[in-house]
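You will see two complexes here that share chain A, one where it goes with chain B and one where it goes with chain C.
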Partner chain A sequence: MKKKRDKALVFSNKMYLFLIPALSFFLILWVYPVLQLFYYSVTNFNGIDYNYDFVGLKNYIKIFENGSVINSIGNTLIYTLVVVVLSNVLGLAAAMALNTKIHFKGLFRTTAYFPALFSAIVVGFIWTYVYMPSSGMIASLISLFGGDGSTFNPLGDFNVALFAIALVEVWKSFGTTMIIYLAGLQTVDESLLEAGRIDGCTEWQLMRKVKLPLISSTITINVILNVIAGLKAFDYSFIMTNGGPGKSTKTLMFQIYEIAFTDQKMGRASAFSVVSFLVIIAITVAMLFIMNKREVEL
Partner chain B sequence: MIFGKKKKDDREVETYLKLTPKVLLLYLAIIVFCVVIILPLVIVFSSSLRHVSNQSSPLLLFREFTLESYITAFNNMNYPAELLNSIITTGGSVLVVVLIAPMAAYPIARIKSKLARFLYVFFISGLVIPSQMVIVPIAQTFSRLGIPNTRFTPMLMFITCSLPFSVFLFAGFMKGVPVEIEEAAYIDGATLSQRFWLVVYPLLKPAIVSTVITQGLWIWNDYFYPMVFITKKAQYSLPVGMLQFLGDKENPAQWNVLFAACVLCALPLIIVFLILQKHFVNGIAAGAVKG
Partner chain C sequence: MKNKKFLSVLCAAAMAMTMLAGCGSTAGSGEAAEGAATAQEEKANAELEESTDTYDHEAIENAGDITITMMVSGTAAENDFETEVLPELINKKWPNLTLEVTKLPDDNYYTSLKTKLASGECPDIILTQPMYAGQNSCYALADAGYLAPLNDMDFVAKMPDLSAVTYDGKLVTATNSVSILGTYYNKAIFEEAGIKDVPKTWDEFLEDCEKIKAAGHTPIVMGDKDQYVLQFGLYQIAANEIYPKDAEYDQKLRTGETAFTDEGTWDTVLSMYNELYENGYIDATQSLGYGASQAITDFIDGKAAMTFDGSFNAAAILGQGEGGDFERGYFPIPAKSGDTHTATCLSAGYSIYSGSEYVDECKELIDYWFNGESDVWDAYVATGRFIVTYGNGADSIPNSDLFAPFIELLNQDKGHHWCNQAWPAGTENTMEELFSEMIGGQGTTVEDITNGMQDKFEDLLDE
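Up next, the complex of A and B:
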């Protein structure tokens, strides 16, 4: 008991004062704006004129009726799924390959990580060139090998464009995922693997039964980081496709931006934000629940 | 953990895998993979070194070496001013973050109470909120607080958005700093702020490096907040300056200049990365593994 009281003396409640600067930023510029969304969402505020009216649930009814909510939720989820799966599978595979004793490890690692250094806007420009029909990189390569490059137009294809921009995100982000996996794999105790080998495990068994369970927390953090990044999808819809063709690459965040800044309908954009907020919270909570449960089982 | 591991590797003499067919296949797979990843960047770099008017296929790599496209891009971009703005905003934001995020993490990591636990979750939950979602009320808050649109305005948002991850990182890292050191300092009569700034803070160096790299990286590359808050061209940072090329991206005639601009935009970070490569790799990994 005495020990505990000493602790309280050393780490007194005065320490909470250290929170003031960070908490001020966070409350004024992050939490308060999120709360304001709920208020603006029931008005017809246009961003300039402060004589706005309350319109009740009209904004919500509108965005559900015109189908933009369902469309952009669907697009965002597909985008997120592609990014999470590809980034983790490629990242883990690359990390496993680089975790062996091979030459030029550093060079390979640098190469794989390199795209992560570029601004999304530069990446968007580069990949617009890569995807261009006729004269773009992939189209030219197809022509070079005797195919017809002029018909290759992923960004113009209603069914493919979303996957095409998700692939750009994977290209940029998987190097970071790989580096985190590499760090996780390096914490795996070599003697455990040695023991497994003596017991006659194949390399595949070692990976499934020893390595993967041991790095489960690394998998969790990578999946969480990629899901968060996927749900924030905005850059490549904004830079590369402008939401098109049709509505096929309009993600939640792109849609909000478009309603707020192109249509100048702040009230409606706020209603859209509230819906996005609920979707993101629901997915995050569900994910944490599943991940926690899985880690306990292991 | 990672830092300890590195030392061990240095002491050991590396024994490489023998070149069996299986290992050769592994090399081949890695090389093909790397080529696929890096190919767009190689083409961009080679095109940027061509004359502005060179219209031949960009696939014809490195046939021409001139800085003409770079000079055109440099002048179009107002490069020195943009570079300076990028350095100021990124440097300033990161500096504030590495001061106030560890401060906030201090009570969160040290006090065992429901309130501290709640604050921890409270900060982390900020991680899932995208910028585009809250930009409307944030812009309103700014105008109500009378904050003018200057080159420094985006810094407020850079700092705020960096807090969730940084606090999470510092709180995780601080749990590894032994309580006994502080108790000793307390007995020696150190005040709370002396204890934090002179005893705990210097021990956070790896977490500070990690924060500078992970947060500096996204802040340097962010174009969204400057795009919303800055109206004057003279105040643009490098990524926002790139927006002026938005119309050129689908026009092959403009590609050489566009690509030169892309290289110029990325160049400062590439140089920093090549110099501090080890810190980058360790910093990113530590950021995720420690927390």
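Up next, the complex of A and C:
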């Protein structure tokens, strides 16, 4: 039996030896630190002094006690909702438009995808100046058209700041969403659309009854990717608002960063990370379950 | 599938075991932690022990060819002092010594420092901050045993008060300069508004703001989107209203003898600062969307009469903008009583890693640098980034006229540490968040802020 295995033509068992280097890196640099997170979450490690104590579930109790989880989960869910809805609606609309026979299609596709090529730092800084009161780009345009640009201050407004940074995420990510939709739309068989047209379908009916059901798996991918990106939101809170004004743009990841590196409570930050990990897993699994069920129905 | 189930059960069991193990030791460790916190307070408040020993003052000369490593935070500029000038001058003095300096942006510095300390590969000399300030706080690092005592160094005799960098009787950070928080002002706008001199009392300050507003100018510009700038004004007021009445206020916070909620302390400070927003001297609708650098730009463009900022930003604030080369001044926010104090304190300095092979060599190097007369000292002072208090150039540092009123107050023993230096890191963030909510019209009151600060303070002290 053993002899037979060794003689396998496609993938000899000895080939598994070659997995060891990559697997070692993966285990040491990824799996081990993740497991350490669980360990640190029950200690009072401050990130500096390695003479720490075990504190049991105290870190978990504390994060729920002081309400920081509730505020940051609320902000993160709103942020995610805005990103998922707008990114998918805009991405799908752009993909539909750029899947037709129009002039300069390549140029438009490149332009729409362009923001995705910049790093979050660059995008964050650019949009900080776009949103700046008085002399920012939008405020200047408002003033140019006779309005009062000095009152335009989205990043300083408690009720608007979260939506303002979520829009930046949408601006940067909808190009990627569009590309995936475009790939999905190109798999739709033209003969089905032609048959629909012969049967008298309008363009709306073709989209609703033929195209969308056929790209349902693409929708699932895009929604899940955007949900994950939204739940992991950190960059723009950090770069553009530093969690402010007040606590209005503090997301789960930002809160973890702050607890770990400002408050120097690495143990509590680890507990927070474990809770976030569970929340993200739960939401993603639930979304997958719902979306897959919907795919079957379509 | 069975394997997956088995793994899940194993993971759950492992987690439960870890947590139970933690629970088992909670009671003991809680008491231990409380004891440790008290012990830490005693160490933090201990006075500098006088040193009878001395280090080897010819350690470098006798060491052969050696390399000393140093890591600091900041952004390296052209002909940077730490990364270029200092190593060159040190090598000129001791050809057998190579000084390798790494300068990293703040966040990278903190991460790198922690990693290097954890791995035992820390550079010989590192930049640390006084008391509990920041992630490179000298008290936290000293408590973990990472810093070598510096009591036997020569420069100590030149510094009258090093208590903010002394832990458990041991000097742990070598520093020779001070940092100031104050109010930069545009003399041209002051004159235009009919203000002849800087205000001497809080009421005069408010009157001057009103005059500037009436003259059609913005009295004060702040970049409150970067919430840390709130500290620039608040700490100046605290230096006037809290510490002159009780110099030990912050130490007593840790023992529970005082609290942020005490009447006549932070409630006064926060109310006074809030007056500036309520009266429209600082426009919160604008400042909450403005970054710190944008506020500086507005000031140098001549769009505002004043801005609260530190001596560390002097170069940017004294720069030329659209407002031309107007004359600028710098004064401390005056006290209600007129007996003005200043938020002027020891700057960050240099510590020696306790695990370094070259502790004496590092001491000799720093003593040469800090002796007040060496080439290194002169180059250090000439950068204009450090407000030194003794030696060559101490009375002629760049912008010395600007800083003179503060140094005068400091010499009269009216200088106080910046509040956050004495708090566990994170307390000031709560203060800033809640204060932002108050000026942003979220219904937060002064009482909410002091309660929030007290809760956060206690939470952070809780090990």
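Quick notes on this one:
Throughout what follows, the second predicted complex is superposed on the first by the 277 of 298 C-alpha atoms of A that agree within 3 Å, B and C clash if a C-alpha of one lies under 4 Å from a C-alpha of the other, contacts with A are read in each partner's own complex, and residues count from 1 in each chain.
Simple rule for what comes next: a residue touches a chain if its C-beta (ideal position, glycine included) is under 8 Å from a C-beta of that chain, and two chains touch if they have at least 3 such contacts.
Note that the structure is predicted; figures quoted are calculated from it, not measured.
In the superposition on chain A, contact is made by A:47 with both chain B and chain C. Residue contacts after overlaying the shared chain place A:187 against chain B, while chain C stays out of touching range.
Touch criterion met: A:128 reaches chain B and chain C at once.
Of the two partner chains placed around the shared chain by superposition, chain C is the only one that A:156 touches, whereas chain B remains out of contact.
In the superposed model, A:280 makes contact with chain B only, not with chain C.
Of the two partner chains placed by superposition, only chain C is touched by A:241; chain B is not.
If you count the residues of chain A touched by chain B and by chain C, you find the higher number for B. When the shared chain is aligned, no partner comes close enough to touch A:289: not chain B, not chain C.
Residues 47, 128, 132 of chain A lie at the contact with chain B in one complex and at the contact with chain C in the other. Contact residues of chain A toward chain B in the complex are 6, 9-16, 18-19, 21-23, 25-26, 28-34, 36-37, 40, 47, 94, 97-98, 100-103, 108-122, 124-130, 132, 135, 137, 140-141, 144, 171, 176, 179-180, 182-184, 186-187, 218, 221-222, 225, 228, 231-232, 234, 239, 252-254, 256-257, 260, 266, 269-270, 273, 276-277, 280-281, 284. Across the complex, chain A is touched by residues 15, 18-26, 29-30, 32-33, 107, 110, 114, 117-118, 135, 140-141, 143-144, 146, 224-227, 284-291, 294, 424-426, 429, 432-434, 436-437, 440-442, 444, 455, 459-460, 463 of chain C. Of all residues in chain A, those touching chain C in their complex are 38-39, 42-44, 46-51, 53-58, 62, 66, 128, 131-134, 150-151, 153-158, 241-247, 258, 261-265.
By the touch criterion given at the top, residues 1-2, 5, 14-17, 23, 26-27, 29-30, 33-34, 37-41, 43-44, 57-59, 99-101, 103-104, 106-108, 110-111, 115, 119, 123, 126-141, 156-157, 159-161, 163, 167, 179, 182-183, 186, 192, 196, 217, 220-224, 238-239, 242-243, 245-246, 249-250, 252, 255, 258-259, 262, 265-266, 269-270, 273, 277, 280-281, 284-286, 288-289, 291 of chain B touch chain A in their complex.
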